[in-house]
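Note that the chains are named A, B, C and D in the order they appear, and that numbering of residues resets to 1 at the start of each chain.
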């Protein structure tokens, strides 16, 4: 998962990009980067680490210019290094930087093609570098012999859409020209547009921002305008002119259901649907499953697993008329294990991360609500923590159906999290997480819940649940 | 506010101290330090910053030894510097390091006394340095001509208790001897003892930990034994012998009410009272005030201000039969403002820190629950954020009475937070925070709520509310 | 001035490149960089600072692979930034990295040409980026539709030689292919080839190194083979095959006389001439000028200005039968001035850098020998230091003629050093440096001295003296 | 070896202390530290590393005040850590910081005494910490019940002189009082006093500096006044009053001969003797030994080993009428070996450090001049380097007698350098360093040479040569 941002302002863009990345950092905490365009000269800084660790004053000083793009990501490729952080840069044609969120399905084929046909060297395993080079190649083809125009960029992206399979929401900038944002034809990954109106209020002097989630726009004082449509590209030139074009057959967005279940911030709106509203609805519909499958009268208390599951758990408790309580306390300050000889110490990872309030569990029958069971081991640890704290019975309700496929282009699972539910029976899964009972949302309800937040949203990327 | 920890284990103590400080870091994020005793040689590292920033691998490597103390603190003295971080060290007599949580009321007099009588140089404005030098002076006096014994240490602390006024919960270590923990005669600041039982289970080979809050004991695999009693000192020698002595007239603890209202983690138990239980009870009793003062039928939804207020808000909503919702989303990744020329950018501090979910506020009448109104400006900003998000009426309920006195030895306010309610009328206060209505817990209810969590707890340090 | 190195070994190349840069660092202390090729993937690290500051263990770890290039440079462009450090990288075609030493005369024209014709974006003011993009453009043109061969690379460099005016000695690497070294047709800047013979001694398994000066080859255990000829390109493929081709009309090298006067290490051999031998000879011939212009009988002692002037000064003293002494002691540890308020302190720059031993100057008539008078202010400061130390008469002898032109492609003066002698009369110059007498080498003697070190060396780049 | 400095100025002292340490850094490059007194509050920063690495802007900012002391040192205790860097601090009595150069002979006994009698904890293996605690103990004893006076400090140092055996030249400061400098009764280690006269020129408003070598005074614009006499203490109060007292029987200084042979900068004057003059004289007298023992007619050239031996080698060549040349070129940029897997690379340490110019050695008979043969391995490496460069015969002349004893209080050898000549015959030593001939200065000549630089200097600390 990644967060992306692009901005064109009247003031230096660096602090705005930095602040926006902080607001998107729930989407990826492993690496961060910013590239700005200062009078046709790119400045770029990227590295592994949290945004606050990656950007020091000396880095920010070099990131000059009124336009720029930024990126934060979780590590998708094992032992990654700073070079794989985004944005990426190519110097021909024109000089282009790009950052993206998504997963290219035909990456290997594109790499071969780029190397043989275009003689373009791809230096890292990053999808973003592939995407950028396809873009560069197409821009080069589209702009033969003439000076660059928005139309050429749109032609290039239309070609890119035909060549690249998978999901991508991307921001790019062409040196000395402007900021470009585009989304794959299915709109699997989110991207939205915001504006800060100029003085005369008629579009002149407008400032623009693109961001993965609307929360970043609002946090930076930009008004949410709309989502970038699936298959659309929007280009904002450095003089503030906005050009938008639909490049593939227009159909509705097909955003990843996982954004609503787990990934996005609750205060974001994605493709017209409030994430918070969707989560409340997920809780409401899950309540029905619970009522159907469990003896709700025997449940003493409903509890969320963590912050993400909270809205659904509150609503579920309300629907079932059950007490809502929070017995797990997260530790907000995770540390690290030092490799110090002699080291007999093994840190108790779970108890470092979360603690159970004894009085809330002791002698009680608990219904835990989790957003989705992705990592069976983590779920099992919390169930056991509840038992150690005295719970006499622990049931588990998941606001999403079982995760059946580990890697589809809708979602890229971090390597260490393996879906618990691939090919397993319901009882196997229950036993695996050591719960006394296990209730899943069904797929239809999942769709209904998200549609409940925006009836116009008729399709969802749900391949991981099928 | 500070967190303190002291530990004697069979393994290297550095990782344990580091992990414990992370579990106590909600008590202070401005500075951190650790001092260990390795064969009578102290290693120490302390600096401003978060625990994870202060301790690098190279620092941890030097922190050898099986015993040590640690400290995390918020800056109490304006532009502080690394030297004021704790622990502190004096080399005569014996070599002693100390870390404390509290506030010395007669610090200036003690400084003069130490300088003139004892010719001891106090190099910083820190109370901890004063406390350590009083301890050193008394240990020197108590141990004249003989080798150090637990009895001498107890004599010294008894003298210290007579000289030092104010609140102090402290851990100290004497080089090559052991770990010492003591608490002022009123027990205003918390300190508790944990044990990890040795192999034979009869006290031999026991490992011990002292910590500000029980959550740190549990997180590190130590069983909570009891609180250090007010006026008591406990000494654990490096060979694992535990000596405890009550040094002042025994009376019940008089812990700071603010620990229960705001400071401590909800999953901690302080002087026998569960902080979580106290907060639930605060919500319950506050519900009665709300019912008496407001038309609860006209309230659409109850919301907590932030994580701290959540348990009380849940319980208050339950009692009043009102809907409970969370409309404010905290940003977990605070950043910083860079001083970059030209800098026309002023970051919107509040919108960086917290965001309001529009649908939860729009057109609604909201009752916000806050733990205590300490900083009127912050409270006002959130009230206004609720209005901007569309709330038609915003009432505020505080789980604590108005904060009347800014600096008493129970609580040391950070400089930038000035109590809003000093000398103001109820209506002034309401207008100041721009709420439509304002309900305070009364002092009697505050006491009752905390007593509800431990009936034996008959006294509380409440001077800031009087 | 810069130092460059390229290496192909059987072992990891990073430590070898690092060590070689240390041996070349007298050529530039402001920035350093290394790029390695690890299975067709480039790793690169570059930054401002000394080699020892730029490369940390974490950087070295990422610089994997058996082949690589390195660079150290002095800042040529005012307030430079890390991005302008070399090597540079382009990803199309093939992926190429390059580092160079020299000065491109028609840089502005090439930039325009690259931008308009080739649509290549040049992101920095660095000549190296221009040179690399010309190379990339020509390689692209030469390799249309076929796989890369040494012949294509030679064709590309032949084209580059026609397009690029000025001086350049360069090392480059093509990802997954090999190391390339080439020198401009005049051979103004030095570059030589070394070999470490493989086991069978017949060329198989040979390891190769290119470096600006022979001292780096010897220091790293490579045997000096020969200089890269002016206008020649040498390509070593990753499997160890060496291909060399003369690409311009063959004529003798025309190295910069300044290398022999000041720039190169005395223990290097450049285009067949020992720098040390040239400096001795410069002293010898300067002795004749001194004898002709001064009353040598009245000179008490001959002294060098600094380390660079020492060989010439020793030889001059010997020739004139005068005592040789060293009265200036360099401080080996330069520091910095902190910007600390209040800052009334102005550091005495000269006395920080060099100190005069009073007894060597007091009451004496001194002949100071300097390599070349480039920065009149520095020279004046030392003359005055000699007087303050008690010298009754201070004459100055320069082993080079007056520097007449500040910026020619032979030498790029650092901005702050302005030649003292542009358009000035001999007496003006003497007065400017406040010497009692001033003797210059004449141009003919300069040529003769260097030719004395290698009679085959018939031409020199001497435009700065004309 | 260490360098120390103490200063009282009208302006902030930090930059002055920093600059002075750079001028003294040839005496120790492993660690550095500064402590300043700012209105009775000490600020201190110390760490391992070069002065330029230890002090960053943030450190300098905290080092406020007009008075301070500084220290640079070579590591004397194997794997040292930052805590052992000087200065040291004790807070009782008064608050004292101290830095010293020397070697305490009865350190173990003093440690026991301090621990048992004074209950003072010594936390490191550093002699400086022992010396400081003896001083603190004696100041405490001397000042019982009364406010501190210069007389008390002198009493304390007189007692310290009786208790501490060995060599020590020290600077100290008492918080809020002033700067103290003292030297052991034999004056083994150097310490001198400088002044910058106040406006009226009559002592009022004078600024003072103490430093290990006069070069630091001169470099900072202080006029050399005199050496601190052996057994003398000088106290400068913060209001600028200077008090000096001779505390032991006055006899002439007995400085370490090694200062003149190797340690001090040539441009320093120690106890009235110019180091440079002493080195010239050492060369002159060594010439006689060479003439007596070798066939000087068969020697082609005289060469110094390195910078330290240069003055003696120049003078020796002059006396013998032999050619003087420099064939070894030092690399001014030493690097480090990274521990990188797989690491087949073993750096050639010597060729990294020094390079031989072939033409100066090839076919020649060389007389190498070294200051003193301390580390046989290093000497041997250079002899062999000369042979590899083609020398047909290599003789070695040492300006000092054989080093017979490794650790005497005159000199503390770094652990890795073991004197080559302990108990060995002349021929063993010659064979050990693989020279064709070996000539030592005799002890009488050593004394004569130094006396030649100051006839008043009748005694020398020469125990390492006996």
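Keep in mind that, in the parts below, contacts are C-beta pairs under 8 Å (C-beta built on N, C-alpha and C of every residue); 3 or more make two chains touch, one makes a residue touch a chain.
What you see is a predicted model, and the numbers here were worked out from it, not measured in a lab.
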item	value
For chain A and chain C, chains touching each	none
Relative to chain C, chain with the most remote C-alpha centre	B
Intercentroid distance (Cα basis), chain D paired with chain B, Å	50
Whole-Å gap between the CA centroids of chain B and chain C	62
Chain C and chain D, separation of their C-alpha mean positions in angstrom	36
Two or more partner chains touched - positions in chain A	none
Arrangement of touching chains [line / ring / star / complete / other]	ring
Pairs of chains, among all present, that meet the touch criterion	A-B, A-C, B-D, C-D
Chain B to chain D touching residues, read off their complex	40-43, 62, 81-83, 90-95, 118-124, 133, 136, 140, 143, 175
Residues of chain C that touch chain D when the two form their complex	11-12, 14-16, 18-19, 22-23, 25-26, 50-52, 57, 60-61, 215, 218-221, 265-267, 274, 276-277, 310-311, 314, 318, 323-326, 329, 331-340, 342-345, 347-348, 351-352, 355-357, 359-360
